[in-house]
Amino acid sequence: MISVKHLSKVFPNSGQPLTVLRDVNCEISKGEVISIIGPSGTGKSTLLRCLNRLEEPTGGQIEIDGEDILARDADVNKLRRKMGMVFQNFNLFAHLTILDNITLCPRTLLGESPEAAKARAFELLQLVGLRDKAGSLPGELSGGQKQRAAIARCLAMNPEIILFDEPTSALDPTMVSEVLAVIRQLAAQGMTMAIVSHEMDFVRSISSRIFFMYDGVIYEEGTPEQIFEHPQRPATVTFINKIRTLDFNLADRNFDLYGMFGRIESFCKKYGLGDKMFLNLEHVAEEILMQIVPFTGPVSLTIDYSEKTYKITMTIVQATPKGQGGQAGTVDSILDKLPENFLPLTIVRGFCSSLSEPLPGQLRVEFDSEKR
Amino acid sequence: MYSCFLSSLKALTAGPFGQRIRESIVANLITEDRWRIMLDGLFTTLQVSMLSIVFASIWGAALCAMRMSRQRFLHKPAGIYVDLMRSLPLMILLLVSFYIIFAATNLSKVQIVVACFSMYFGAYFCEIFRTGVEGVDKGQREAGSALGLSRPQVFGRIVLPQAVLRILPVFKVQMTALIKSTSIVGYVSVIDITKAGDYMRARTFDAFFPLLLVAVIYFILTWVFGLGIDVAERKLTPKSRSI
Amino acid sequence: MKRTVHLLLLTLSFLAASCSAGQEPFLPSSVEELAGHTVAVPEGSTTDLFLSQYKNIDLMRIGLGEMAVAVKNGRAEFAMVQETQFDATRMQDKGFRKCFSGLLKGVAALGFRKEDTLLCARFNAFLQEFIDSGEHERWYRGWTTNPDSMAVAVRQNTAPPEGEALVVGITLAFPFIYLKDEELSGLEVDMMDRFCRQAGFKPEYCIIDFPAMIPALHTHKTDILLSHMQVTPERAKQILFSDPYFEGSICCYGRDPDAGSLSKRSLSQTVINSVRTNLIEENYWKILLGGLLVTLEISCFSILLSVLLGAIFCFFRMRRSSLVSGFTKVLAETVQGIPVLVVLMIMCYVVFARSDISGVLVAIFSFGLFYGAVFCELFRAGMLSVDRGQWEAGAALGLGKFQVFRLIAFPQALRQIVPVFKGDVVSLIKSTAIVGYVAVMDLTNASNVIRARTFDSFFPLILISIIYIILSRLIGSALNALERRVNMTKQQ
């Protein structure tokens, strides 16, 4: 249905041109649900916005149903009626009621009669669960409700494909699920969709194919299993892993412990690791950093959570002391230096499933998550 | 009719203070039908104000369109014009209009005055309209475009309704400013309400009554127009309804 | 710079356009024939009253000084003035011709208060002597045939009179009273000076617009009215007239289409000529400079006063007591609901009518009051925009109310206030242009004076337009710098 060849987009950026899309090639067939993931700033949204020409590509070709949409005489408005877009910031028309938001374009552009448009609007509102909000103004709705209304507005135009530009990024975590539920429903009904999102679970469960974007191109594409289980190329691997990594770089003893706890708590919440795990991680981190690690130089702490094995690994690395040159192996073993039956060590062992020092100065703590 | 008015006036204003008021009213308004002059002046003020507001709005909208266009040859001159109007006193522009720009034409004094005010306030309205239109969230436009609305449709159905609502308070302020500034047209001997008051002052040598009357009339005028805009604002604000 | 060039080009094109105004050679021979035409008359004069009876004459009531300019520019087709005035005007510019004359024969006299019979008698005595000795004849002839050399001779040969102060109310009208080199000169000034020298007075000349003359006399703002006032029974009821010192009649004149059509001069010549006539001759540039200084003076002090008043009003407006707050609200709204010109006139003719106070001060008070009300609202909006939590946090830390205001609320309120304040200040400066209405010699009024003398509208107006533009831009930039400073302290 959609065919993209050698698409490029360069932003002028007041004198310093910024190349966001270098050479994008992809095909989207009818009925597919494509998710576009990747690190920030790699052009995911830009790619989406090029598809309905909200951004003008600087090079390449886009064909929709065989029509070259970048041609000079292409009827952009007609093209856009076939495609729907759901924005990160909802963009409901602030001066119209929800009902009017939905019926405006069917009446103006598709020539539907007011009654027909109204009836269809009610249907759609029922579908997204907002029937009783028809007469309300956008300002009176919560974020999740607004996004659902935006989706209904899109559907009223009977699009052939819907583009979702980070639909849940501006939402409170509590409202994310209601919007994702609606999108899931649409996918189940066979709607062709292209979604840019950071919700990895969702993306994994709903997509027929995933594009991983990196460095201005579609770096790797495949089915969800291929991308998430067996990422092939290095950047993909890093990305897939990294999103479940929490890094801390501590210069000296006077680091922000409470800040660290906060981030660990968010991390745990995000991946549903539970309060108990959070407390475990917290206690272990505190004991190790306060009592065990000598802080002869900068220390890094990394928490890795593997979705596959549900194992959590905390790695603490004591770097070489500052100003003593880059000689490897001059770090002494931490555990060896500790006295027998050192109390903090016992405490740590109580909270984790194993504690080891694979290399001098590198501590490795493993936890078992209860998540299944 | 006069006798009726006079007798009721007499009744209301018994006593020495009332006597003075009565004398004032008689001297200033009734003698020689001077109230007609005030009425004519009021009419002229209204005429000049209304026409100026209409033409200034039209001109301001045109200027705004020029200002917001991408063509340099359109938005540069418009920018210079707006800056010029904002740097010059209205009084000077009035004199320049009268003695230089429209000197050789056959336009009547009132027409020249209206043209002058439209030129001046058109620039201010241009800026107001521009802030209003630019103040509408960019996303609204994108959503409209994404749904397939053409650019004029997006402007007319999405941007304009929201912009109008946004600018109404500021517009009210400028409109009252316009009405009040019509008071200077007496300088080029157009008989507005202020000049009519002056005329009365010259005849009766009493400054208090005419000036007070003129002040009250302006106050009522600005108040009424302010109310009008408030009503318009209320009517245009979108309200949720139960369906 | 670019804008000035642009403006000059624009207006030069208008010069070209205004050059070629056609004129039909219509010559009325009586008042009735003026029907349907525009006739300029001095405001409030006997001519004004006389012609008002003729309903189908389009009367243009303007100041005496504006008459010739109006006719020259075509704004009025004809004008009716004293014959002496017309003769003097024609001496300056041959582009006029008399249509008919001999109307409304009348006499001019000085005006005194009814009770000043002694002063009046002294003047009458002087006048009698003046006439008897033949000086009156010499005086009249000298001034009507060659006012400029007369003025120079008078200036050189006589010293200014000294003695007890005597306030003389005047209106500018060439050749009776006009400004030469920033000083007053003319037929009537000469006469008054002679009287004062003899009687031991020091005259203080005070320009008052004509309708305000008689009230000014009554309220002791002036002691004598010297404005070529025609003696009429209605006026005689209100004031005491001296013996007449002048006899004349009214004539009607219009533009002469044959004489002096604008010769095709080169552009640079025209400009140089304009500069010469308007600025250098008669040292008119001094008048302009004086006007500029007055404008600056009024602007500066008005700004200061209005900020002060605005702060005070704002303080009262935000009191908890609804009486004080409500009263201030009503006051502010009232002052804002009427034009600043009307405020100025009320101040001038009602509030300060009886006092001796200079027009500049009245103007400062008026603008101070008006913009004080404006700033009251502005400051209030700024203060309200500061989040309530800021006050609470400050209080919780132990800061006193004024300290919270000074250190926390005010700097934040400034952010909201300064952008709008900028616009209002420029607005204030621009509105000082109206003070000419109450006869204050500011920049605009100065240009009117020059315009009336040289009959050239173009140059003086364009010149002061440029001055105003430069002034606005300068103040704008200064305030922008202030705004940046206000915001910069935030970032640090």
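To keep things simple, chains are lettered A, B and C as they appear, and every chain counts its residues starting from 1.
We adopt the following convention: a residue touches a chain if its C-beta (ideal position, glycine included) is under 8 Å from a C-beta of that chain, and two chains touch if they have at least 3 such contacts.
What you see is a predicted model, and the numbers here were worked out from it, not measured in a lab.
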item: Chain closest to the middle [Cα centroid of all protein chains]; value: B
item: Furthest chain, CA centroid comparison against chain A; value: C
item: Chains linked by the largest number of contacting C-beta pairs; value: B-C
item: Distance from chain C to chain B - Cα centre to Cα centre, in angstrom; value: 25
item: Whole-Å gap separating chain A and chain C, where each centre is the average of the chain's CA atoms; value: 72
item: Chain centre separation (chain A, chain B; CA means) in Å; value: 55
item: Touching residues on chain C, where the partner in the complex is chain B; value: 2-3, 6-7, 11, 14-15, 17-18, 20-21, 43-44, 60-62, 69, 73-75, 210-212, 214-215, 218, 238, 334, 337-342, 345-346, 349-350, 353, 426, 430-434, 436-437, 444, 448, 451, 457-458, 461-462, 464-465, 468-469, 472-473
item: Parts of chain B lying in touch with chain C, wherever the complex brings them together; value: 80, 83-84, 86-92, 95-96, 98-101, 103-104, 176, 180-184, 186-187, 189, 194, 198-199, 201-202, 205-208, 211-212, 214-215, 218-219, 222-223
item: Chain A to chain B touching residues, read off their complex; value: 52, 54, 77-81, 83-85, 87, 89-97, 99, 104-105, 108-109, 134-137, 140, 150, 153-154, 157
item: Residue ranges of chain B in contact with chain A within the complex; value: 137, 139-140, 142-150, 153, 157-158, 161-162, 165, 238-243
